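Taking it in order: structure first as structure tokens, then the write-up.
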Amino acid sequence: MSTLLGSFIGTKKNILLLLILAVLLALFFIPAFLSKYSVYLLTVVLFTSLLATSLNISLGYGGMLPLHQTVFFGVGAYAAALLLNKSPLLPLLSFLAAPLVSAGVALIIGAICVRLRGLYFGMMTLAIGQLVWAIVYRWYEFTGGDDGIHGIAVPDVLHSISAAYYISLIVVSACLLIIYIILNSPFGIALQAVRDNPQRCESIGINIHRHQLIAFVLSGFFSGVAGVLFVILERSVSPSLLFWSESAELLIMVLLGGMFTFMGPAFGATVIIVLEVFLGVITEYWLLVLGTVLVLIILFLPQGVIGFVQEKISAGTAVERKGADRFASG
Amino acid sequence: MDFSVLLSQIPDFSTLTGQFFVGMSRAMILFVVAAGLTVVMGVLRIVNFTHGTFYMLGAFISFSVAQWFGGSSGFWMALLIAPLIVAALSFVLEGALMRRIYSQPRLMQLLLTYALVLVFNDLIKIVWGVEYKSLSNPIPGSISLGGVALPTYNLILLAAGPLTALGLWFFLSRTMMGKLCRATVTDREMVDALGINSKRVFTSVFILGCYLAGVGGALIAPTTNIVIGMGMGIIINAILVVVVGGLGNVWGALLVSFIFGIGESFGVLFAPRFSLVFPFLIAATLLMIRPSGLMKSVW
Amino acid sequence: MLQVKKLVKSFDGFLAVNGAELTVGKGQIVAVIGPNGAGKTTLFNLITGHLVPSQGTIEFKERDITGLSPHKICHMGISRSFQLINIFPKLTVFENVQVSILSRKRKILNMFSPTKKMMVEETYRILGKVGLADKAHSLSTSLSYGDQKILEMAIALGNEPELLLLDEPTAGMSPEETASTIKLIKELASSEGLTILFTEHDLDVVFGIAEKIMVMQQGRTIAQGLPADIKSDKLVQAAYLGEEC
């Protein structure tokens, strides 16, 4: 049964395409049947999925340990807010420029970090990320300090929740498609090779630092896009977007979904957000539940939920996970 | 008249000394916490986010213990008892959870300890409520240090750092258990092969580390508001102290705590609003210069 | 083609390579032999840039390549296989070789073409040559040990090197596998016009294919010459052949 399902998914690529199309169609028409709040939540799910997938470019596919990804999300959001409020730029240009600011910050942080390995890489991203947070938190004149920025001048046409939803749906789908294409391009395959065996990559002529840096910048760019979508939806930003615990929660989403699958992070993001909403209604201690569930998952399902399902499906072909394990422990 | 106002804004020598001692007192608490963390990270090789939670627990438990005993002796009993309670808790946690993840990928370790942070945050909310708690200063008053008034209690903090460093040094280099720790760090298989139970070494080290986190929490309790977020605040600084100082290197942690303390106390004078920025700026700069830490790392 | 002069590498005072000398001519098959710990693998790592020499020079095609980074040296035409299996475990056999070809053709920064359709012919040509074409779509780690060693070599071939370095290409192989690997190396050398530098423990293999032999002991080159001369060299016999054969 499980092998049957495996070959079904493996060979019938068209069915998968149809499935994606069906999901997109459903997402397109569903707001008509939902409350405003549900549409709002769906929008959050959409850009968080993009954020989680962007983190996974450098984490799951690039073999890096970025412990502070939401800095790029926050920088994108702040850049959009500041450009909209303080620059003469057209709103559309502000939206386009903000992710580039994130990519620029990622380029600087990445250039400092890519030469470091494993935990040291993570620590450096954490230190610099917190540095950015601290600056934003205290620079009242420019960033509004701990008050954040409210009443961001998002164009009127985007003020309705459904407008924010449709913008997010289009942008997130497009970005996920682009990320998918990139990860399956020669660049993406080489990136995975760098993750699995950096030494071997060097000796077949791949500049591993440059490769990882490019991946890191891409990852920062798409996080910035997610930040822009956040601004369109919320029209306010606060420094807590850049605090390290946000990144920790993002890591939870990615690991819950499984970081060696393309859709895993988006799935993890969806689950966590839905869980938060539903448990939040029942108990104020929903983090207690989340934490407990996490502990159980780490002890019993360390490869993530999607990873687990995939492993069950492909049990017949006995997927080796040596490379993954070697990377993650390094 | 204007002149004297202007002059008063330029930090004079006594303000500098005052700032220095205030900054150092904070740095020493950071060191006590980081020293515990560096031993845990050095021997067990896990990045333990829960360490900050133990620090926070130390503060909350101190509050309750001090209240239970009441009076001026309350705090001293708390300083004695609260870290022990934290240590006992860590013993349970190590046996039940931590030891299962020592050989897991690093990311999983990070995540498990972070999950525990979430769990404990809520548990503390359930036990102590959401309002902040505060403890009265056990030694009120201040002393004059070269013309600067320094709260007398800060002397305790200033002494706590060096005492912890000496204690750890004594433990690691003079006691059997300490020697075992260092042997386990160098060659775990060898220690196992000699018939020594490295599991017991791990448990002891974890308890010791968490005990120190509890001490840090008890020490800070009278000087600040005890709130839920305090663990999240200190843990990143403590991890950075450990990494920049060289993983597992107690003296490195002491050195970096000093640097953080000096940076923060003088940073406050020149750019008061950005004092928050300095530890991260210092850590990032030092990591750039010496990516594997200032002093020898055991990793 | 390759000139190694007075090469020294020290690790914290320990001299792993201490005065290695090596000359490899175009089209030659050259073996580096020596007892364990003689510095053969270190020498390879120095040539391919994985380690930076403390002293001495390495020239390739009359150009000084001393201290260049591995990926630059690779693009100049030196490729290598490793002593321990060193492949991409999560990629298929096909992809393992494909990545190498893509890198050689400088296509790895291409972000928008599907990899599936790229370099298919080239990849199959190499897989066919080493005899792994029928296993192209298996996961690389599902291959037998011997086949993984062959894949190791195929990855290096994907770079279309002029000089191929093989670090113990038959280590751990069964006698049959060893025999076929030797045949393969010989074929490659003649059909591709490759220059090959290899290390090997098995002296039968060495004297079977090497046209020239360099002998190392404690990091030093103690002899270099034709197989027949090496066999009769007193110094070599004392240092190496005497004790190990």
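Labels A, B and C are assigned to the chains in the order they are written; within every chain, residues are numbered from 1.
Methods note: contacts are C-beta pairs under 8 Å (C-beta built on N, C-alpha and C of every residue); 3 or more make two chains touch, one makes a residue touch a chain.
Predicted model only: the values in this text are computed from it and were never measured.
Student: Answer with line, ring, star, complete or other to describe the graph linking chains that touch.
Tutor: Looks like a simple chain-to-chain line, open at both ends.
Student: Among all other chains, pick the one whose mean CA position is farthest from the mean CA position of subunit C.
Tutor: B
Student: Taking the mean of the CA coordinates per chain, how far is subunit B from subunit C in Å?
Tutor: For subunit B versus subunit C, the centre distance works out to 51 Å.
Student: Could you state the distance in Å from the CA-based centre of subunit A to that of subunit B?
Tutor: For subunit A versus subunit B, the centre distance works out to 32 Å.
Student: When the C-alpha atoms of subunit A and subunit C are each averaged to a single point, how far apart are the two points in Å?
Tutor: Centre-to-centre distance between subunit A and subunit C: 41 Å.
Student: So in the complex, the part of subunit C that touches subunit A is made up of which residues?
Tutor: My answer: residues 48-50, 69-71, 74-75, 79-80, 82, 86-91, 95, 98-100, 102-104, 107-116, 118, 139, 141-142, 155-156, 158-159.
Student: Mind listing the subunit A positions that touch subunit B in their complex?
Tutor: 65, 67, 112, 115-116, 118-120, 123-124, 126-128, 130-131, 134-135, 137-140, 244-245, 248, 251-252, 255, 285, 287-288, 290-292, 294-295, 298-299, 302, 325, 328-330
Student: Touching subunit C in the complex: which residues of subunit A?
Tutor: The contact residues of subunit A facing subunit C are 181-182, 184-190, 192-193, 196-197, 199-208, 211, 214, 260, 317-324, 326.
Student: For a test of understanding, state which residues of subunit B touch subunit A in their complex under the given definition.
Tutor: Subunit B residues touching subunit A: 47, 49, 97, 100-101, 104-108, 110-112, 114-119, 121-123, 125-126, 232, 236, 239-240, 243, 273-274, 276-277, 280-281, 283-284, 287-288, 291-292, 299.
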